[in-house]
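For reference, chains read A, B, C, D and E in written order, and residue numbers begin at 1 within each chain.
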Amino acid sequence: MAEPLLKLTNVGKSYAGTDALADITLQVEPGKVLCLLGDNGAGKSTLIKILSGFHTPTTGTVEIDGQPVVFHSPRDASANGIATVHQYGGTFPLMTVGRSFFVGVEPTKGWGPFKRFDKATANEISVRELKGLGITRINDGNRLVGGMSGGERQSLAIARAVYFGAKLLILDEPTAALGVKEASHVLRIIMQARRKGIAVVFVTHNVLHAMTVGDNFAVLIHGRLADSFAKGERTREEITDLMAGGEAMAELEAEIAQYEQDA
Amino acid sequence: MAEPLLKLTNVGKSYAGTDALADITLQVEPGKVLCLLGDNGAGKSTLIKILSGFHTPTTGTVEIDGQPVVFHSPRDASANGIATVHQYGGTFPLMTVGRSFFVGVEPTKGWGPFKRFDKATANEISVRELKGLGITRINDGNRLVGGMSGGERQSLAIARAVYFGAKLLILDEPTAALGVKEASHVLRIIMQARRKGIAVVFVTHNVLHAMTVGDNFAVLIHGRLADSFAKGERTREEITDLMAGGEAMAELEAEIAQYEQDA
Amino acid sequence: ALTACSPQNGGGSASSTGGTSASNVNLVVIGGASDDVFFSTVKRGIDDAAKVPEASGAKVTYLALKNYDNLGPDVAQLITNALGMKPSAIAVPDWVPTAEDPAIQSVIAAGIPVIIYNAGTWDQASKLGAMTYIGTDEYLAGKAAGEALGKAGSKNASCVNTVPGSTNLEDRCSGVKDGIAETGGTSSELALPATSFGNATAVTQAIKSNLQQNTSIDAVITVGGSDSEAAFAALTQANSTAKFITFGNSTTVDARIQAGTQLAFIDQQPYAQGFYSVSALWQYVAYGLELPTKPILTGPAVITKDNVAAVISGSAAGVR
Amino acid sequence: MAIAASPGVQVTKPVAAPPAPRTQSSFGRLTRRPETGALAGTVLVFVIFTVLGGSNFISIGGVASWLNVAAELAIIALPVGLLMIAGELDLSVGSVLAASSMTMAIVSGTYGAPMIVGIVAALAVGAAAGFINGLIVSRTNVPSFVVTLGMNFGLAGITLGLSRLITGTTNVPLDPGPFFKGLFGSLIGGQFEVAIFWALGVALLIVWLLQMTPFGNWVFAIGGDKESARATGIPVTRVKISLFMMSALGASLVGIIQTCLYNGAQTSTGQSFVFNSIIAAVIGGVLLTGGYGSVPGIILGTLTFAIVSQGIYTTSLSSDWASFILGALLLAAVLMNNTFRKLALSSGVRAPKIKKA
Amino acid sequence: MAIAASPGVQVTKPVAAPPAPRTQSSFGRLTRRPETGALAGTVLVFVIFTVLGGSNFISIGGVASWLNVAAELAIIALPVGLLMIAGELDLSVGSVLAASSMTMAIVSGTYGAPMIVGIVAALAVGAAAGFINGLIVSRTNVPSFVVTLGMNFGLAGITLGLSRLITGTTNVPLDPGPFFKGLFGSLIGGQFEVAIFWALGVALLIVWLLQMTPFGNWVFAIGGDKESARATGIPVTRVKISLFMMSALGASLVGIIQTCLYNGAQTSTGQSFVFNSIIAAVIGGVLLTGGYGSVPGIILGTLTFAIVSQGIYTTSLSSDWASFILGALLLAAVLMNNTFRKLALSSGVRAPKIKKA
């Protein structure tokens, strides 16, 4: 087993009045995809905000390459090679596609005091990377992000994180707003990253997507680690039930099927 | 075939610089579920914003029960019995769950000048309706919406639209942010609404969900109606390809499968 | 009013205030905003005069308005504040009599001696039952300026007001109008909006435009204390030979008068207003001394090239 | 990059319990109310001036001095705060106050109409100004900051111009007569303005509107997310117009009170209320961006502001430094507010924070 | 903080704003630039005063009169606009101007130090004030509205207190000497202030910063969505502190210019710049909520404001109505701006929705 890139030990996080996470111990290895599964409100985004430096955990420790770390801000996390696509946000409605893509890592041209933001390059790269994700309607980097569809914006955020590379790529429900084609492109990109030895944490509610790319799985139920297992150790039905917070889904599915017959 | 509840004829919409929709003709019947499918940026949300009174179409006409209508605001649409859950939004981060649920249709108690907002009832109903969608972690109507997870917020918006009833229920990617259990609950609710004779317009990127509840299907590609058909008229593969903007998905899936084997 | 405390009751009958030990004496002076050029000088007078009572262990408290945005009510409020401090005596300007007089009356009714200073009239002060009035009459000061302009041959004056609506500045402008009318001239008020206040360039350019628009203007007078430099710059830029008078002075104003580029300034002697108010209160409260000369007028004096030499040292010391 | 504590420091873990809202002590609940922060600010400045001003500050006269100021401010700050919760600003209250006050003085003073006519005219001026503000803001896309600022300049100009035209002066006296003097402009115990009761009345009205009525819910919703609010069918335009009318009527009421209290009106009064009402609301925890705020918060905000701005006069500090003290204490009060709120909110967290290296 | 929406749950609403440029005629492209609306407002007021003021308004002296006012305003409004794009306000520029100006006059006038020392001291005061503003805003959750307002009061107080302590007056003369008079306070052709060149310099600097540098991108990003900006690793604190320092330095520069122009300093100057700079930026199309704005827009905004506030004096209208005309025309200019933008954008399309304050 490879040396883990990231290791959480007994991590917990409480918001005022709520324990969103408790006692999470898990690890991510280079070149592996960890699927984080769980019901709505299970604590997935909270865990990811801890990994990306948005929150400091209330309890427990985080280690990177065996060194304990405390992230005080998202900058600390990116300095440690962590790139994150959050569930919402990450793009700027009133900025152009090209500018939004390069926020924080602007390309420049010229030198010395004449160094300046290279708009043409920024626009070109951003449009190209969006195309790579299957977004073909956006062919002008000067378009405003606010005028893009939900899925187009999500793709922009993903394209951005992938383009700038990292040791650890964290994706919080990246495929939720995406069409079938775009979702497949994202899955492909995850596989490509994995092959390059990048560690990936992937949150999804889609069993199929999870089973397609996941090497390891961690299931959160009510803020606790309910199960963790490697690929092939659980059946699809077992995983589905775990994702539903441990409830058997068969009943609900039967009910829906019943309606369908009535139709 | 039933008299259509809603009928669009040659509807089009351009944003400055982009034609988001052109020449859409379709209809929705009571007690039927129309699935609106299409790639990211195909124009689904734009169409829904027209139906819900957010935008007036640039061209074409909208008829309800055979009467041409022009909605100048979302109020007009709700006055005509249309309830919409938009792709994002619909909840208020800084309000409590109970208040947010009842915005615009506040329950009151007392009478005359002593009539007042009935907070207890509002909290109770909102928590109950969320439970009905499988959201069990929110058990206090005084919690702030801003502190809920993405899926919890989405569920709140859906619960709201369903609770207040309508002749036409429009759901723009309602299941995207939801866990498997919650998504199933939403599908169940769609089926229940359909059985009551409510017409439903349902946008989704999930082929399975679409095939489970859809009676009729309309596929948008680049803002135009590419295909429309009834249940059973297309195979799953055909539908998937249509949802991907008409591209064959087999190739992409093969590529991903390739990566999987490499693993 | 209580006769025992009423100063009109006769020159030195201060027996009721006997017995006050100096260390309990608290003289309260209410005044204008501290960043107001004019009141800055008044305050110098107050501070200097306060050295005497303070040497005896008495206290002099100066309550300044924060701004003139809500003048009448704010001063009335300050008077009430002052009353809450159990003062031995109060000096206060009567800027807005309708607003302030009830409050002043309640102070006098409480047996506390009051001097009206800076703004008001002796008529008004004596009606209220105040000891005296120390200061000038804004209308008369304006009138003096108008007369001076008339004498210098001006026919059409522009009275620059950067706080239109403020009672004392309006009084000055109407004085100017009546003063210049004596020699057959006219005066119009140039009112500047609040967006120009405190911005010398906006004031300059407005005056300049006005001069260019209305070429018959042959005199400019600023009634606000801080507008003199701006107005002079406007005259220069408009290439105007209009006669120029300011209210209040500075070393630059003195220099201009000496050089002949400014006709005059109207001196209200703000230092004297502060100084004599505190002195008079202190002498009355501590020793029952009261001067029979009422009111004590500190101005207006018209300072021209002829008499400017006398004021220069005072300007440099910041007491003029 | 700080290094985390060694594993040994690892602390009491939260006992896993489904995160039900804990049944907490009523004190705990109190500390969680957002107004607690505003209260902390008020207490802070109160204590400071009790120490510095001593008996002057807490004497009847001293208390009256800031209570009177707070009362008049609250009558404007409360509806302005409501408007801010709905995401809009009103910078026109200064001119509305002056215009109402001049209208009343001219109608009932210069023209000698019955007082009640003057009062109705004053309120009509306020209602009209608020209506126009609301209408322009709702119908156009111009931010309320600009619209109401334009109104503030414009109305001040009309007031000045018309007053000069009609009365030839900018300062009009008015004898309100005993009844209206008693109603609006009397001093209870010779110290406390009757405005305090008006402020209480306004506060009750606004608490009722905000907490008890659907209207209140709409205000929060509009401030929270205007588009979503529109989508739910709230009559956004009507709500906004009502809110602008309320803030203008608050300003008119203070205009009437001041006219009766000070027996006349001036064209140049009122501008200090423009900023002060916003400051009071912000100190009281109203978000400038809208969507959040409370009546108790705003009241505490006006008290804090009044104490800071009047308290200095009860001390022996030189008035040269008044402005400095005002600035410093405002900042301190808001910081206190914030810090306290943070503390209060995190006290619920069961596990102590891990120590940082 | 429970109050602020946490970044994860913030709803990304598509905000329709100025549109996607498509390939079109260059006139079409021009009408689509957001500055076109601001230009329409400027043209409107220009035409009005050309009609009303005639040759007075468009004479050299007339043009100089609003150009001079616009230039000084622009030096402050440009960096203030930059700050507003980043989502923050600076209400302290008034006191910073006065403090810088007094510092210079006291150091080089009262104490007779070389002019350059006074200028450096004045700029240092500005830099320090801006730094403190930025630090407090970044480190605490207190809105910049309150922090900079506190600074405005506080610094005004310090300036007054110290000036009176040191010089005994609030009015300090200074003879800048020919070199510095020429550099900061001279009139070109006896009419045009050299400040116009300073304004151009500042404009170029800020255009370069905003359009050409990564820093400019960060400003837009921070104003657009602070949390997302933080997430991308932008040094938000550093950027904000720099921006607050820039606006304060702008105010210092105007302080220096006015001191040289008018041969001295007064403690009471500058406060009108607080609001005027914000108004100019808003007229120029900067969103009060942040995330959007442009340098040409701000410049047009300052021109519009200067024309409106100075134009009346070139006409024969009574100055009693100056304030009214100012208010009415400001509103008209902004409405024109909006309407024009709508028209330009709606090649058969509905108006763009811009978030309001």
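Couple of notes before you dig in:
The rule is simple: a contact is a pair of C-beta atoms (placed from the backbone, for glycine too) under 8 Å apart; a residue touches a chain by one contact, two chains touch by 3 or more.
Protein names from UniProt, one per chain: A, B = Sugar ABC transporter ATP-binding protein; D, E = Xylose transport system permease protein XylH.
Predicted, not measured: the structure shown is a model, and the values here were computed from it.
When chain centres are defined as mean Cα coordinates, A lies farthest from chain D.
In terms of C-beta pairs in contact, the better-connected of the chain pairs C-D and B-D is C-D.
Farthest chain from chain E (centres taken as the mean of C-alpha atoms): B. For the pair chain D and chain E, the distance between mean C-alpha positions equals 28 Å. Centroids built from CA atoms put chain C at 71 Å from chain A.
Centroids of chain B and chain D (each the mean of its C-alpha atoms) stand 41 Å apart. Computed centre separation for the pair chain A/chain D is 44 angstrom, with centres defined by C-alpha atoms. Across the assembly, chain C contributes 34, 164, 191, 193-195 as residues in contact with two or more other chains. Across the assembly, chain D contributes residues 19, 21, 153, 156-157, 160, 225, 227, 287, 292, 318, 320, 322-323, 326, 345 that each touch 2 or more other chains.
Multi-chain contact residues of chain B (touching two or more other chains): 15, 17-18, 88-89, 91, 93-94, 137, 147-150.
Those residues of chain E lying in contact with chain D across their complex are 1-3, 11, 13, 136, 140-143, 145-147, 149-158, 160-161, 164-165, 275, 278-279, 282-283, 288-289, 318, 320-328, 330-331, 334-335, 338-339, 342, 351, 353-357. Across the interface of their complex, chain D is touched by residues 34, 59, 61-64, 66-74, 76-78, 80-86, 96, 98-102, 106, 163-167, 170, 191, 193-195 of chain C. The residues of chain E lying in touch with chain A in their complex are 2, 7-22, 208, 211-214, 216-218, 220-221, 223-225, 227-235, 287, 291-292. Chain C meets chain E in the complex at residues 33-37, 40-41, 43-44, 164, 189-202, 204-210, 212-214, 226, 229-230, 233, 236-239, 250-252, 317-318. Residue ranges on chain B touching chain D, taken from their complex, read 52, 54, 73-75, 78-79, 84, 86, 89-95, 99-100, 102-106, 108, 115-117, 137, 139-140, 143.
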